[in-house]
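Listed next: structures, encoded as structure tokens.
Shared between the two complexes below is chain A, which pairs with chain B and chain C, respectively.
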Partner chain A sequence: MAMAMKLSLLLLFFLSSLIPTFSLFEDQVGFMDWHQRYIGKVKHAVFQTQKAGRKRVVVSTEENVIASLDLRRGEIFWRHVLGANDVVDKIDIALGKYVITLSSEGSILRAWNLPDGQMVWESFLSGSKPSKALLTVPANLKVDLDSPIFVYGGACLYAISSIDGEILWKKDFTAEGIDVHQLLLPDGSDVVHAVGVTDLSQFDTYEIDVRNGELLKHVSASFPDGIYGEILPISSDKFVALDARRSVLVLISIKDGQINLQQTHVSDLVHGSSGNTAILPSKLSGIFSVITDTFIAFIKVTNEGKLDVMEKVDKMVVVSDALPLSEGEQAFALVQHGESKIHLSVRLVHDMSSNHLKETVKMDHERGFVHKIFINNYVRTDRSHGFRALIVMEDHSLLLLQQGEIVWSRDDGLASVIDVTTSELPVEKLGVSVSKVEHSLFEWLKGHMLKLKGTLMLATPDEVAAIQKIRLQSSEKSKMTRDHNGFRRLLIVLTRAGKLFALHTGDGRVVWSSLLQSLRKSDKCTDPIGLKLHQWQIPHHHALDNNPSVLVVGRCGLSLSASSAMSIVDAYTGKELHNMGPAHSTVQVISLPFSDSTEQQLHLLIDADKRAHLYPRTPEAAEIFQRESENVYWYSVEAEAGILRGYAVKGSCNLEVPNEYCFETRNLWSIVFPSESEKIIATVTRKANEVIHTQAKVIADEDVMYKYISKNILFVATVSPKASGPIGSATPDESLLVVHLVDTVTGRILHRMSHSGSQGPVHAVLSENWVVYHYFNLRAHRYEISVIEIYDQSRAENKDVLKLIVGKHNLTAPVSSYSRPEVTIKSQSYFFTHSVKAISVTSTAKGITSKHLLIGTLGDKVLALDKRFVDPRRSLNPTQAEKEEGLLPLTDALPIIPQSYITHAFKVEGLRGIETVPAKLESTTLVFAYGVDLFFTRLAPSRTYDSLTEDFNYALLLLTIVALVVAIFVTWVLSERKDLQDKWR
Partner chain B sequence: MAVLRRSQTTSSSLLVQLCFLSLFCSSSLAITTGNGGGYTINGQVKIPGFGAKGFGLPVKTNNAKVTLNGGQRVTFLKPDGYFSFHNVPAGTHLIEVDAIGYFFSPVRVDVSARNPGKVQAALTENRRGLNELVLEPLREEQYYEIREPFNIMSIVKSPMGLMIGFMVVVVFLMPKLVENMDPEEIRKAQEEMRNQGVPSIANLMPGGGRSN
Partner chain C sequence: MEKGKGVMGGRKWAVDFTDNSSTPSSRDIPDPPGFTRASHDQDDSTLSRQKKDAEANWKSQKAWEVAQAPFKNLLMMGFMMWMAGSTVHLFSIGITFSALWQPLSALQGVGKVFEPYKDSKVDLNAPKLLYIALNLGGMLLGVWKLNTLGLLPTHASDWVSSLSPAHEVEYSGGGIALK
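Entry: the complex of A and B
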């Protein structure tokens, strides 16, 4: 009876877990996931250190983040990620309590509360034409106005109250045609100077009343040679500019309403300068700096208008803006890069000859050169000035230097991940025990007793904290060796700065980082950008002594025909093994499924001339490729032209210099979409390394369906050109979304389906025999997710047992990519609430475990959705057999269960991609989501059926066993005694 | 509130701003013409329990974002929950609110050139029309499972609890069952056992004859 009860209970348990969600208890956070917050490469920084209280620095970054950082430790107090089209132009602090940001080319002005980051007000400045954006927050204005700030944007000048964002007055400069370069507010005056250029040949300055925006004075002087770059103010009545040929410095001085232009040849001032001269934008009073090809010269302007070269420094020196000190004194900082250290010197503007402060700081050479420096001062106890410097490095990291030391550093390059791959960790060597064995059995038992208490909700808060600590500190998960379950790996990420990071999946720490030489700015490669990461060498059987390595492919410039740069990097140490400098261009990288005797993967790089280049460049690889070249096919998508093309290898290149690793290609097929009705907006294909367990799918009534599992399916989505804009720009009648399934070997269109009244953006994922895609339905004005499943009809007859016995089946017939497949398509659509940023699917080692879709929503969260919700066989009233199969009744919308957000209460700000990697344990998949933030977790889509969960209670098991043994002994003794009594009777 | 902006509105700053943008203060409507040819959509996000207080939204909603057309524009909430999108072209738009801990339905907003000022907004989740652009969460979102408080049944139901339970039944109830049996029968059974010696599987099988 008890057995029956047990069975029924077990059954109940399994039934209740039919639809697994990734539910998590709150105390399990950080147990198998980690979340890291970043901000990106800093563009501007404003310090707030005057008042008592927490010292902070407010920054805006190239990832469009504004953030307030703790100046002591570099932690983020608060942070906002602005929209992609809402680029921050300027930031400043007003009234000592508001952070002011000017964005969208000077059309949106926002104020944020400095302590907590709450937006206080927002002003929309509707300019008349695009222009530069300028922001000036006057420090001490002696005018009876409620602390205005001055903004120039959209060719209009505004005075805006910093208290509530109200526009006090507006002065339109459209009629004047002036391009304002500087807004100046001389100390103590009540006049705004707008200094600029009209038609690049006339210098203008307007004086405007601070109180009401009235034009007081306008002076101009024509300058027929034209002006290059910007006009830089030197004092309130002196400006300097460069002529259009970049060879003459123009000193502009205004005296008694008259403009005086004075020209000096750069070559007269400094010798050996060439055409690439520019004025640095550092605003120093009485001094300006000129950068040439080889050096930076500081030039002093005397009161008489004479230019004196004060000093020449190396070109690589980075100069900060001027920092006002007491009594009109100004300081600025210079940073010079030396061998594995940097030299920081602070100088006073009035006394350029000597360094006010000189410090040398040791610097990791993997951080590269200094890109930017911001300085701030503090008053020491002996009333002298101390300085702290915030520096931005080549790898986008942010460091605070003070008293010759790095106070803190942030690896903000990780905010701009381009591509991700993984690597196994080294195998644990015999005899070398890396892990610490649990201290003692007692400790171990104590830990488990605590856990038991925790699960029974009997623990006190102190004990709960202790449990949490034990869990997070488990040394197992951050070990540097391979584990049986395959949970510990290295995530290798390529960032926009051209730096490669290896992150440990256990705790997210950076194991190594390497600034790739091939992706650094050089004379040959002026504008390098990383593109792709590929596994280069994966030692399994033969080359076990070798470390695995990855291939990094980059490009020197934005155009597709720019030459490419490649590196091969050791995945354990981060050392750059090979560095192939600028070579042929690279449009596409194809990882071939062949490897040579040292387990190096063969790669084909397709250049802009459609030639294929084989890597690695060894005779062995060439031989393997020659053998297999007949079976190598690839395709290209020309989204602009609306053409898909398929290619194969033709023969060696016809070059002057024979090159056995270069191959000509031939075009096999092309599909041309009519440009007036279809525009390609998304293409997606299957992951090359995906594993599928079985082709057969057993459905209700013991019937079988065969999945069509070709690796060569390409999903293409096109929309009518009118509907390619954002939502709201097209009517339902003029928008049409068409999806195609294309075989990339033959160019055959397997299926074509249209969704009328729908438009993009389309996000899609293709796996096994299905594709799921997300788009916008204009008629219902909701997002939809559709699924297409493809089944192989040619094998459908194999179900007949009689035929199987007689031998009339085609199970042994070879599968060929050339054959014309007989496929049937099933499809269904559902509503989905949210906008989607990325969509992905879980992948497991053997492909047995059921799949979950991972949907990155607009709110930067990742939702796990069981694939069974997007099954085209769902019907309104499933039959009993279908119910038993686990088919869900059809609903019009997909459910959003908050507990199945795998990012739980976190946000992966600026989410861009979701990567899944199978663990060795079949039930588990590793998920890495990246954007401005990074998030990692591991999932078990069908629960961990093949292992005990980490919080399995060993203490309870032990207790049960002990209790059982004790009970056995007790009953044995009892029965003995009873026997004896029986015998005496 | 945004639709019919009453003159006694407390948020004067917004009103002034609106006047600036619409260039005529008499306008009391949420969707107003800007001078760039576009329109302005004003709305408010209200989170029950906090919105009533007006100022002082919880830290939780500090990071609330309002998005137009799936990411085309992003704006943030003012302390009183108001937001606005400027220079929006005529057409049908989609507004989504994202605040951690709350589930908001996307809102369909029609901005038409024919009758400016008339707001046509509807929640897309349940097709409910909105008279004014005040967005409230449909429900709160709980991202974590809640641990069940200590319950003796949960122990009993666990596999180990079942094992113990089964054992207890065998140890303590079985002898009782045996005791309640007829002593005659027990003796008979014991005799049988003695005769048989070791019980074999054949005996247990139905129809299995006595082998000895």
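Entry: the complex of A and C
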């Protein structure tokens, strides 16, 4: 009996201390997760191929990544992701061993060790006012055993030692008011030329001694017509610029301290050009290129200052920078796009008439046009020059071309994911051949025998490796059909380039990719951006023959009133089914909870004039919407003005052309936050597709609390305007964080709570009846996480068991927000060590499994935190009943358990979002984290209570059963024999 | 059950003895010295009546004993339950279900238990009632234990814990303008 007591105590202890974590074993990595590394769209590339053991190219990208890529295979040697605000301006290589990067508008200069990417030094250049950032690394300039680097940034010119990053001298140009366009360092001279423009109407050049920064000479000349764009150097004493009307080319030549301006009308040089002329920034000595509406013209500047048009090529041609070859010769590359092909030609600057090299490369048309090209040369065995070209495509992918072939390609568009949705895979077709079954059975048995050997520690190292290989590359997980557990799916991601990718959740490979026609640059759509991805058709019951499809909503410009572009894309093939060209503007996409007979989801697109447009445009959809329209509401958050507004649908639009799919809306309510004290910094709502199992929460002593579950709750966080800056910009007394819970149907504020001395950034997640948010507490100098749980007080009386048994309760009756249910709030705050980039919550198919918060930390890792830690009912000394319920004793800080990082050893660089998708198996949820990198895994917040683990040893089970049956048989025979002997005795 | 069997065995032995004495063939053998058959024959009827009375008495006494037997069980069960504690685990569940099962099986076999004591002169109703009452008491104890373990649906929480959320009439969507 005492034993039983002890046992029960032990059990109690075990239950109360059981906190599930996701710790993996080393050999489980890559078993159900994958990680992909990207860099983003390349802005600059510098090759390092001379005298280098491993040929590499150093690139900087629009995601603020600097990376060193292997030129043979395109793999990343090393990579650094600078912060979102640390935009890389220029990169170069100094001394043949350092990568120099200039970032943050020319205020941070860093040197990285070329072979391994370690930072060597870093210099902060505090400029006086924002300006262009320029970087010049002279190839062979020596000043006192040092090779200075010249940087222009913040209206100052710096000379910086390339050995240790020390600032050698500084020349401030603020007083001169010059806007420097170019830094030049003619070969062999020790004078640096700063060429620029003052007040857009005066050309200036300053000559500065490289040793001490002394101003040697200053010459200037005024442009009466002003200039457009930048001044381009032709040679060390000739420059070309375009006047403000973009019709006159100005050739500036400096001779003996005298500036000579020479004006030429563009129309005199090239016929048929109009106002949209610009000078291309490609630096080719003696030649410059001008782009007009229809073509690019290469213009040669002769020694006498005459301009000669050498050649005209199509406007879509992309020109590279000049590449110095031996003997003072220069080469550059042109790329022209043809029908599913690209034509690459390399020309020598001195001999423009013929192509030095011409290659045609087959190109997948889903990559779009060429955006950028960088070339590099190598010396062939016959001592002639060969060229390799690095090209950046419209979909942000990066390719290396050499000898007319694509050596490698990288889908770096995936570094800039905008939105994610998922799609089911096709159902497996019945009818599998016998031989296949036999084969797979044999394989299955073989695999399990190997596993059994591994379990019994009989396997040789080779076999252990084979077991690991089987586990990682199981064909099961990368099949293209639907599986029973719902682990295999397609992740459909929309990237900033307007390309849609479908990734397989099993191994992360790209199943299809499609450059959306509606999101491509065209005359109608000049500045397309993708906005949102919604599930359009989810065939489940009626329309099983149809493939699922997704709706992509984009916009043709930067302003909110720009017209929108929409596409419906087949989720299995990536084919664009419909392409709704420029239409009304779109500021909001609302996926309605109704679908038509073909299971197309109804969507409302709200335009800038607050009209609602219904999609799909079918009479059936219109009928469904008309029927439900009186219960459809929408709201807008005007963050700048600090206003929330709620709207309802009023009736058809009053347009000249009658349109039955357009509806006027009327304003129902407004919440105006006082602009002097509150500024909206974050809003969050519940995920529309979240499934909740129950409305009751059973607490200690069999008591019941009814959750207030509404899809129409909006969490709004505001701070005092002074505290809206970065942390440290306001004192605790000035800053106030206020959180509101708003019902978006009626505009009723359900709850309002203020945290004095706290400020943003606020990251929040709303799920079921709770919201968890993260902010900074200035008084405690720490981050905090708070939780608010909302309970429905109007249902609290439903506690009579008899009434509940006979069904006399109102718990299942439909509820309306207009009934104004009484709510009670419970809340609690905890300290949290990390700052947070994104916060999300696991979601499962039926909502039974307990939840985990997924917190994207500043270190770009994803931490899973049990929701039980952020339970407002936690107290310092929980009662016995509360302990049994699983309530943890209150602590002031949330624990960070290292094993519960779901990204384990990986980092999701530049983490922006965490998406969770329920699997069909209730215990499991699929997690996709995206940023510059992509990471996918699946989680079981309460462990896999509803299935055996995948490495469950069926062979061992089978063997045990067989052994038991044999044992039973043998003992039966023995006992029979003994009985017989007994009887004979 | 064990006790019932024991009683039956004792009676068999007694019956054998009387039957032997009444066999007519035994008359041929001369009576042992000091044995007077006359007195024996004389008291035969009164003797058997007395005997039967004694048997009935004995039967009803035994029946009461059997009827009271579950009381000991009850005490034992109570002690076990107290030891098991009020948390749900293997031990407490085992005890509780045996506490529920034992009275139930006993009640099913109530006729069988009292069969050996069936006699026209013995009133078995009262012992049977006691037996049933005690067993019911045992069962109640089991149910009470079940309740203290929280396994009986006597709370509101047991009826609403899987109640799905109510349908919402209105639908609202929107947010910050897309950028």
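In the analysis below, the second predicted complex is superposed on the first by the 919 of 985 C-alpha atoms of A that agree within 3 Å, B and C clash if a C-alpha of one lies under 4 Å from a C-alpha of the other, contacts with A are read in each partner's own complex, and residues count from 1 in each chain.
Just so we're on the same page, a residue touches a chain if its C-beta (ideal position, glycine included) is under 8 Å from a C-beta of that chain, and two chains touch if they have at least 3 such contacts.
Because the structure is a prediction, the values reported are computed rather than measured.
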Next item on the list: Have a look at where A:V698 lands relative to chain B and chain C in the superposition and call it first, second, both or neither.
Entry: second
Margin query: If we overlay the two complexes on their shared chain A, which of chain B and chain C does A:L956 touch? Say first, second, both or neither.
Written below: first
Margin query: After the superposition on A, what does A:L215 contact: first (chain B), second (chain C), both or neither?
Written below: neither
Notebook entry, point to check: Should A:V587 be classified as contacting the first partner (chain B), the second (chain C), both, or neither?
Noted result: second
Check: So which positions on chain A get touched by both chain B and chain C?
Finding: 5
Next item on the list: In the complex, go through chain B and note every residue touching chain A.
Entry: 13, 16-17, 20-21, 34-36, 40, 57, 59, 62-63, 65, 67, 69-79, 84, 86-89, 91-94, 96, 98, 100-101, 103, 105-106, 108, 124-125, 141-150, 155, 157-158, 160, 162-167, 169, 171
Checklist line | Complex interface listing, chain C residues touching chain A | finding: 83-85, 87, 89, 91-92, 150, 153-179
Next item on the list: Report the residues of chain A in contact with chain B in the complex, numbered from low to high.
Entry: 2-3, 5-6, 9, 23-27, 29, 78, 80, 82-86, 108, 110, 116-124, 126, 164-167, 455-458, 726-729, 761, 776, 778, 780-783, 833-835, 837, 858-860, 893, 896, 898-899, 901, 904-905, 907, 956-957, 959-960, 963-964, 967, 971
Next item on the list: State the interface residues of chain A toward chain C in the complex, per the touch definition above.
Entry: 1, 4-5, 7-8, 11-12, 531-532, 553, 555, 560, 586-593, 604, 606, 628, 631-639, 646, 683, 685, 688, 692-696, 698, 702-704, 706-707, 709-712, 714, 744-745, 798-801, 804-805, 811-818, 884
